[in-house]
């Protein structure tokens, strides 16, 4: 292996870490420093405040609705796109990715235009007394839009890489469609699924722009955790704002840790699969235990990986 | 011709059956219905509304000085932030893949923070750090550098939200890259730097470009982190997404729609550009 | 149970995988589908298993038309090329899968799985996971899993393809033994003719979605039906020449070819096998081809020669025992003569002729 000189290595590492420190570590530490700046009592009080609690409750309700919805969609999309070939597949995948590229504000706006007082369906809804915009349904809709691709993209990529042989084997052995899905496919994709769900969950709890447009910022009613942070901040209750924000930081850190753990499991499975593939290629059949490769923790669906055999 | 391909490709192509595996109709039907309900119909509503306004009015709205200034800031800041991320992202990916140092896997995990951290939280934290009395701002103020409540603040916020993209697109390519290529270059007499620039870098360019485009798209639409740090001064630090919110608060739906249509068109273009880059690099290097 | 494919065609887009293929596999036989990549042999196997729906034609298993029946109702055992073991299940559960989805009681499942694991010599490995097994062991698990459901027919897709050379040879013998013990109608796909010839009772040679020839191994070898079969069965030397007026000539070598009395010369090829020709210092009249010795390499048990046929410049390969080579006393660059004992002549668009030339 060829390498740079030691001084170059140290220099580059310092530069990279300096950049990450400035942009990632400082804000992260700062949130906790500010949160506890007024003492532990003030911290607990800020979180136990009724408006804060209702924001937490609303955020959890929204997550409980949108995450399962997007998970079911992700499974359907993963199955039909990952396991079958058909015309227009590429376009469909691009359309599924679309919400990631759309500004959250625009995502919120489209629902205002559809269901708002002046919106296309606004009159119809108003006549029936159904509130969507500036109410919980609007928040759920906007959040569903924003977090739409997260489970699906993981599952599509993973199921595509898995191929259909295991399912075919199950069918030949006499299993029905549902049995095949539950007993063969689902256990196979579980880590990928979990990884997608964790990501979708983090985005759901933290979504700000889209929700801000549709929520109407009614305290105690349509405020989610990030919106509550904004209100506190704009009222110059900095310590309280950072206290509530620290909850979201903890969620984010847990998400990173969970992703890491899940990604590691998925990577191990993937490495095993690739090892098997290499056995096939080279006919190194009788080497049951090869070393596991080190994979990037970030994406278990990494397209290129090295495997040492 | 799958059997023929099988023999030549390192990883076997999987056969796809349309009829044998069940549930294709159900799965695709559900996918298309849900996609239409949640994404396509709402987005169509935006175009419908814009068409109802007439393209003339859309043009008039987006060419007012305040909107133009907002677009200019959004595009410039997103570009600068993505360029910064392209450079540092490449550096971070290189250091993470090729060097070993303490806490490396922790640093690796931390790179994803901007994906997981709510933008509003990032916004208030960055503002606090870069304001005049802040942990970083206090060192910059004496140098005459204003970050918070200045256009530079927008760049800082967008750099934060776009940080993981380049790292995460480059990293897998770098991990999959055979170091023999570099060794071959060295054996042919290339210096380390020349080998890097002529052999390594060309392989990473598609990934860097993809990451750049992803970060740019994200930065263009970013709202949460920017509104806190920028100060939102019309003509100076007001970004396009904020202007949409402002117009909505004034019940100027037409104005908001006009700006949103332009933003959405930009998103579409970027998405196509990203797909184009990936398609080209797959053809060329067999990977995305 | 016998298996019959009648006029089966299958296309994938513009690519024809099976082109009007008809085949009868008698009950209890062991048949090999042999052909190069893309010849349609795997597709035929998958059509029989029910994993591909043919565009036209019928599949009959044990007298029943199963063409429209889904794979789960066909009761065939299929061993996938890469085994397709369920990675999240133990070896025991893999073998038990087909029994469990049939709702068999636990006691029966337990008995049957243990019996099969013993049969494939994997007793005690039931708790292992596929990733912890060697390639050969995985293959045996796949086999046990396929046999667990007491299939009417056993299908194996490249059963030895993914294994290394040594394990391969062992498994060939065990497949043969398995077949002799179970008398289960078995069809396996391979691209290796040695494998097909050693294991199968009957070999089906496939090419471009068609069946080129069906026959017992020795029959295929001695009487290839066409140039493709002769070529594919390997180790042949090719001479290019032409036929006219009832004679075929391959530069110096003239043999009767009564099938074509016409006067217009037609291009023809002659196939000579290594063991069906002799190298001599001197010729014997018209029954020889003059060659120049281009290369000779003593590899220990044999001397490998590369010869250039003088008139048509075709390259011939020949192996001799070292004693023979010494006795001839030839050196590189010398001219010598090839005397064929037997050769096959193929004329483009004409019938094949096997000519056994009398010794001298």
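A few notes on this one:
Each chain gets a letter, A, B and C, in the order it is written, and its residues are counted from 1.
Following the convention adopted for this analysis, a residue touches a chain if its C-beta (ideal position, glycine included) is under 8 Å from a C-beta of that chain, and two chains touch if they have at least 3 such contacts.
This is a predicted model, so every value here is computed, not measured.
Taken as a contact graph, with one node per protein chain and an edge wherever two chains touch, the assembly is complete, since every chain touches every other chain. Contact count check for B-C and A-C (C-beta pairs in contact): higher for A-C. Chain A and chain B have Cα centroids lying 16 Å from one another.
Annotation: 51 Å between the Cα-based centres of chain A and chain C. Contacts with at least two other chains are made by residues 50-51, 70-71, 82 of chain C. Multi-chain contact residues, meaning those touching two or more other chains, occur in chain A at positions 165, 168, 171, 176, 280. Within chain B, the positions touching two or more other chains are listed as 12, 17, 20.
The touching residues of chain A, when paired with chain C in their complex, are 165-166, 168-176, 179, 183-184, 187-188, 269, 272-273, 275-276, 279-280, 283-289. For chain C in complex with chain A, the touching residues are 49-51, 70-78, 80, 82, 84-89, 97-98, 101-102, 131-137, 145-146, 148-149, 161-165, 167.
Those residues of chain B lying in contact with chain C across their complex are 1-4, 6-7, 12, 17, 19-20. Taken in their complex, chain B has these residues touching chain A: 10-12, 14-18, 20-24, 26-28, 30-32, 34-35, 38-43, 45-46, 48-49, 88, 91-92, 94-96, 98-99, 101, 105, 107-122, 124-126, 128-129, 134-136, 156, 159-160, 163-164, 168, 171-173, 175-176, 179, 182-183, 186, 192, 195, 217-218, 220-224, 228, 241-242, 244-245, 248, 251, 253, 256-257, 260, 263-264, 267-268, 270-271, 275, 287-288.
Partner chain B is touched in their complex by these residues of chain A: 1-5, 9, 12-13, 15-17, 19-20, 22-28, 30-31, 34, 72-73, 76-77, 79-81, 83-86, 90, 92, 94-99, 101-106, 109-114, 116, 118-120, 141, 144-145, 148, 163-165, 167-168, 171, 176-177, 180-181, 199, 202, 205-209, 212-213, 225-227, 229-230, 233, 238, 241-242, 245, 248-249, 251-253, 255-257, 259-260, 277, 280-281, 295-299, 302-306.
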